[in-house]
Amino acid sequence: MLSQSQLLQLFKETRKDSESICSYLETEDYVVQPIVDVSPPKWHLGHTTWFFEEFVLKKFAKNHKLFDENTAFVFNSYYESVGEKVVRTDRGNLSRPTVAWIYKFRDYVTKAIIELLENETLSTEALEVLEIGCHHEKQHQELLYTDIKYILGNNPLMPGYNQQFEENPIQNFEREWINISEGVYEIGHTSDDFSYDNELGAHKTYLQEYTISNKLVTNAEYLEFVQAGGYQDVLLWHAEAWDWVNTNNISTPFYWHKIDNVWHQYTLKGLVKLDPDAPVTHISYYEAFAYAQWKGMRLPTEQEWEIAQKDFEWGSRWEWTESSYAPYPDYQKADGALGEYNGKFMVNQKVLRGASVATSSKHSRYTYRNFFHPQLRWQFTGFRLVK
Amino acid sequence: MLSQSQLLQLFKETRKDSESICSYLETEDYVVQPIVDVSPPKWHLGHTTWFFEEFVLKKFAKNHKLFDENTAFVFNSYYESVGEKVVRTDRGNLSRPTVAWIYKFRDYVTKAIIELLENETLSTEALEVLEIGCHHEKQHQELLYTDIKYILGNNPLMPGYNQQFEENPIQNFEREWINISEGVYEIGHTSDDFSYDNELGAHKTYLQEYTISNKLVTNAEYLEFVQAGGYQDVLLWHAEAWDWVNTNNISTPFYWHKIDNVWHQYTLKGLVKLDPDAPVTHISYYEAFAYAQWKGMRLPTEQEWEIAQKDFEWGSRWEWTESSYAPYPDYQKADGALGEYNGKFMVNQKVLRGASVATSSKHSRYTYRNFFHPQLRWQFTGFRLVK
Amino acid sequence: MLSQSQLLQLFKETRKDSESICSYLETEDYVVQPIVDVSPPKWHLGHTTWFFEEFVLKKFAKNHKLFDENTAFVFNSYYESVGEKVVRTDRGNLSRPTVAWIYKFRDYVTKAIIELLENETLSTEALEVLEIGCHHEKQHQELLYTDIKYILGNNPLMPGYNQQFEENPIQNFEREWINISEGVYEIGHTSDDFSYDNELGAHKTYLQEYTISNKLVTNAEYLEFVQAGGYQDVLLWHAEAWDWVNTNNISTPFYWHKIDNVWHQYTLKGLVKLDPDAPVTHISYYEAFAYAQWKGMRLPTEQEWEIAQKDFEWGSRWEWTESSYAPYPDYQKADGALGEYNGKFMVNQKVLRGASVATSSKHSRYTYRNFFHPQLRWQFTGFRLVK
Amino acid sequence: MLSQSQLLQLFKETRKDSESICSYLETEDYVVQPIVDVSPPKWHLGHTTWFFEEFVLKKFAKNHKLFDENTAFVFNSYYESVGEKVVRTDRGNLSRPTVAWIYKFRDYVTKAIIELLENETLSTEALEVLEIGCHHEKQHQELLYTDIKYILGNNPLMPGYNQQFEENPIQNFEREWINISEGVYEIGHTSDDFSYDNELGAHKTYLQEYTISNKLVTNAEYLEFVQAGGYQDVLLWHAEAWDWVNTNNISTPFYWHKIDNVWHQYTLKGLVKLDPDAPVTHISYYEAFAYAQWKGMRLPTEQEWEIAQKDFEWGSRWEWTESSYAPYPDYQKADGALGEYNGKFMVNQKVLRGASVATSSKHSRYTYRNFFHPQLRWQFTGFRLVK
């Protein structure tokens, strides 16, 4: 648990980071929502601010005057129990409130929180919600990167975001296969550091013996699968995946483009040649699974990943696992609206482990459980194999 | 046919008008597309400019250097024969090119056309296309008003556009019924003034005797229909209309809101009380037809409207007619891409006659044939009755 | 107006004809509904019977005992004002009531009507509804043929319906162009014979001079259009048609199949070679229009067709016209549920004139106005050209 | 592994059972497919027969002459790798082949298999496929019951299937809570009896301590949840479940009807009063989960169920578990088309354990893993709770 002064520091950094990420945008880039999974950047900025006003200032700051009673509700997202909200698909239809308004809203709330932290002694409950608010904003920072990438990368002009942003990490080490022996292991978050409720409830699990790669599958390796006709071989795919491939004419990872017979990928720098040694990214669980089938291997479960992770480098790609997102034994969701944070998504999603180039500092740990629907590709998703 | 100097004048005015209309917008308002029928204002500004560069400068201006070869194609709309285009539904997903870029594009093309008109003697063909370009832009000015109204009026904050914009005209005269006797009449555009190809081919038509109102149906009159349960009486509606009413839960004209039991309407000034004496507007053909059924009357055909129009005031509402949009006898569509202007829409649409508060100056005439699908309501549509 | 004994004769013939048409079916063929436009044959048999019980026996037969109070409602179709009904798309999901039940229902109602006509002197109102009921059933006989053709012709086994059914008429005469001079003509039904309300209201119309073919467009002629790339040339098509062609991958008339490089068509006999001299059939209005554009000609209006029809053979194909389905001047729809018969379809449909090989005897006349949405193809639709 | 003569017996019984189930149907009931999850009974009869001809007779019976080379392919289901198939949603559009044809096809194939088993000594491979074929048909018998229930129970006439079919089992014993202690347990199929590939790979698993009910949740208990507003409390539901509830207006288990204020349920006998003591059935995983949330309990995992099952009666309802359907460690799918049997469904589905009143004799065992999407309700699904 952070002290109040540590929390003040975390809060200031976090708020600043969101704004730094957006500093490369044009006003127009803040507004659009090309698909339902992507939110407009201005919505992320407003929503994370609304969270602090709704759950911290309203409850714990005496005499706090709301910035704008009639407007902030448009930044409620999925908290069904908190009242009126704008339908998710409509976020990109909202030209108002403007970007300028949102920055004023941010400043107002940021200052009010800082004042609170500097001048009042807060209860543990207040500090906990504030810490969640910071991590919540860090999650949205990750989405800011991937949503901006989608907005710019699906624009027919394919403009770059930032010429200095290097998203393809180097894995300049040899592939090795790490062997883990059969037995009972312990899983879950145990330290005093921050975690979400879905990581808690450390518990024992039995693992069979397995062998896991220290290295992510690379673009060059995945390209072999593409060229070997992997996307055309029904026997490699789940039934739902096969429908998805055919309905959407999927034949490569997302953001790959073949131009004049040369493979390119859109990155946050703009369009560049495909880097053969970089880990493949922007693939669905379905594709990771089909590739593994093709190699006669499989994906790790999240438990296998957690036990083996200390022996490999990770953090540049979110890694798909075979595990469906489910509650740990004795999972307890929080009371009230914050109870909507995790538990209600525990169906039809796959767990991802690790972190990615879009992950904020202080926001990755080996017990972290991310989750997405198996067909989604706009995150920096990759995978490693188990024999 | 306008002289070259008259055309220069028309061109300058027209270009300036589009920019005046947009001068009340925030940058964000230029970007969004809440429904497929609405285009982002920046798209209108870019598209009308693209039209001049594509059809005038490219063909008739020696040595014209394109403003930006790689970008302008995003402003091609429906001209399938001209090449690549952005799918209509995606217009609201494009944050780039920016609004600033578009204004530069406009200036560049505006200056090039002015230079051309001032310094070269243009062929009749070139002058004709230029004149079409001006009227094309005037059509888009009409859409700018109605699309802006949709964007702001469907925002949960319902901001006003311009406090000075009066959209509800006064009809301070008594209702009278104009009688037109049976016989052969002539229809269609015959003067030398500008018209579209769909108005040409003046021809004879036989009209039965009819009696037509000099006044549009008012909000107060339409409200009686609403309160009498008109939207719940299946026998008043077309089969497709009944599906539309029920699927979309339609129970009033668009932009009507009942707040604390008082009827309001959203206007370009913002939300105001419903004006009982103003003509009802933002209704579909389906609703106009159902109202007429309820009154035991009918809508005029476009021929009846055209013959009777000299005896009534019009121009504040586009008026639905009973006529389906179809070619006049001997209709000839233009060769090439400009042939796509009108003819290809001649199915499943209803003709509207008149003009509206959103219609640009010098853009209305009694032979003008506007057309929309029967369920659409975002235009300033109203109607008058025939006994 | 028919006498009561003539009506008895008409009624008996009509009832028998429906059953003769179905005599070639297997029980299973009566049940299915592969697309929403097609109804299961058993539904047609039940619905036409329900019509007589609902509108004749219930109202005009003293002491009539309903065959089955709890079941007949499933055969209500679109008469929204009569009460509960089964959603149209669900007709093919109803295994009950069985075919055997429906034949018993038919017998019961047929006998009751015969008894009524033989033993009672009926009012004019009753006789009129009975006559409408007979013509209503004849309309459904037409649909029985086309719906059976759809059911069998879209089955992967493509079974024939009846080896003796010759659907391709011979047009063994030369093409001639009939010239009609400009002037005022009279249109509409005037005799005492039966007609629907939409044909009444004979009235004057002004026609420009025109020249119309005495012959329908043939398969051989249409095949030239197919082979010349007509389905790939955007400039020939309405905008909505172009979407329809591309969304549905349309490249030939319906029921055409190229097998081992030879063109075949599915007919009610089964699959046969395409007959080059037969009129093309099973095409949409969109295709007829595009063909006419390609030839530099056009389709006739319904008025042009009606005035010229005495000079050509017709009756083997329903012929698309350029006219949208609209009320004649002074059109009055009937009171009550029968008023739902025609008027409520007068939007977004095109008029067809003539009759087809599926048309029942005594059910064609030159003033008859059929109508379908412009994309539909499962009727025996063809067309002729106007220069 | 069964001997050849045991297998002959199993085969004969199995084939006869399918026909007994269908003996209560009218011909029309065999044909329809009201929703995509339901297949027409005639399709089940044909498909199970096709399976034996395709995978047994074609491969292992010398000189087998196919019953009908051109027709049987319509009974291929999901075996993408075996060639042409009819799209699943179109099964209900096929009036041909007829029911009579299918019974001939069945007789022909049944006799050929019996002859093979009586006269030839078959290889282990052949015997294995035959045994799978029998269990495959038993699975379809289960579907026959539930699909027939759907077909009749969603018909507006709600006819009964068989007045003697008792689907509501009696649980006349007290609720007790079985405690299982923490530790390593073994899971999976180990005997020589038949099982599917997804049950194999017996392996160790670690279970935390838990307490599980010996009794299924009853209608009376579930009714309390309905009446307490469970379907209106967002906090009890997964996010996707909440959408499903609202989009489909779900407010009770499937087949429940409130008639004159009395709760009824449609059963295979027809409509009867709701039995308060019978286990609740025809509920989705979503509903089972929400009920458990409301009680402050949870569903068992499939491992917990398997370890505890020896202490409770089961077999009248398929029981939802919390487990997502996933491969056991070292799961190996079969080569070729039979490899499509299970593995390709291992995403987005929940495991059910137990068996139901529709389960065929010799088709239930405690290691059996059934699976369905979490929203499906047409199976006899129930659940028990874990504290």
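In order of appearance the chains are A, B, C and D, and numbering begins at 1 in each one.
Quick note on the criterion: a contact is a pair of C-beta atoms (placed from the backbone, for glycine too) under 8 Å apart; a residue touches a chain by one contact, two chains touch by 3 or more.
Worth saying up front: this structure is predicted, and the values here are computed from it rather than measured.
*Asks:* Counting one step per pair of touching chains, how far is chain C from chain A at the shortest?
*Replies:* 2
*Asks:* Where the centre means the average of the CA atoms, what chain is farthest from chain B?
*Replies:* Using the mean of the C-alpha atoms as each chain's centre, the farthest one from chain B is D.
*Asks:* Find the geometric centre of each of chain A and chain B from their Cα atoms only, then give the gap between the two centres in Å, rounded to an integer.
*Replies:* It comes to 45 Å between the two C-alpha centres.
*Asks:* Please work out the Cα centroid separation of chain B and chain C, and write it as a whole number of Å.
*Replies:* 37
*Asks:* Roughly how far is chain B from chain D, going centre to centre by Cα mean, in whole Å?
*Replies:* So the centroids are 58 Å from each other.
*Asks:* For chain A, what residues touch not just one other chain but two or more?
*Replies:* In chain A, nothing touches at least two other chains.
*Asks:* For a test of understanding, state which residues of chain B touch chain A in their complex under the given definition.
*Replies:* 26-34, 42, 70-71, 73-74, 86, 90, 92-99, 151-152, 154-157, 159
*Asks:* Which residues of chain A touch chain D in their complex?
*Replies:* 78, 80-81, 182, 184, 203-206, 208, 234-235, 237-242, 285-286, 289, 298, 322-324, 326-327, 329-330, 339-340, 344-348, 374
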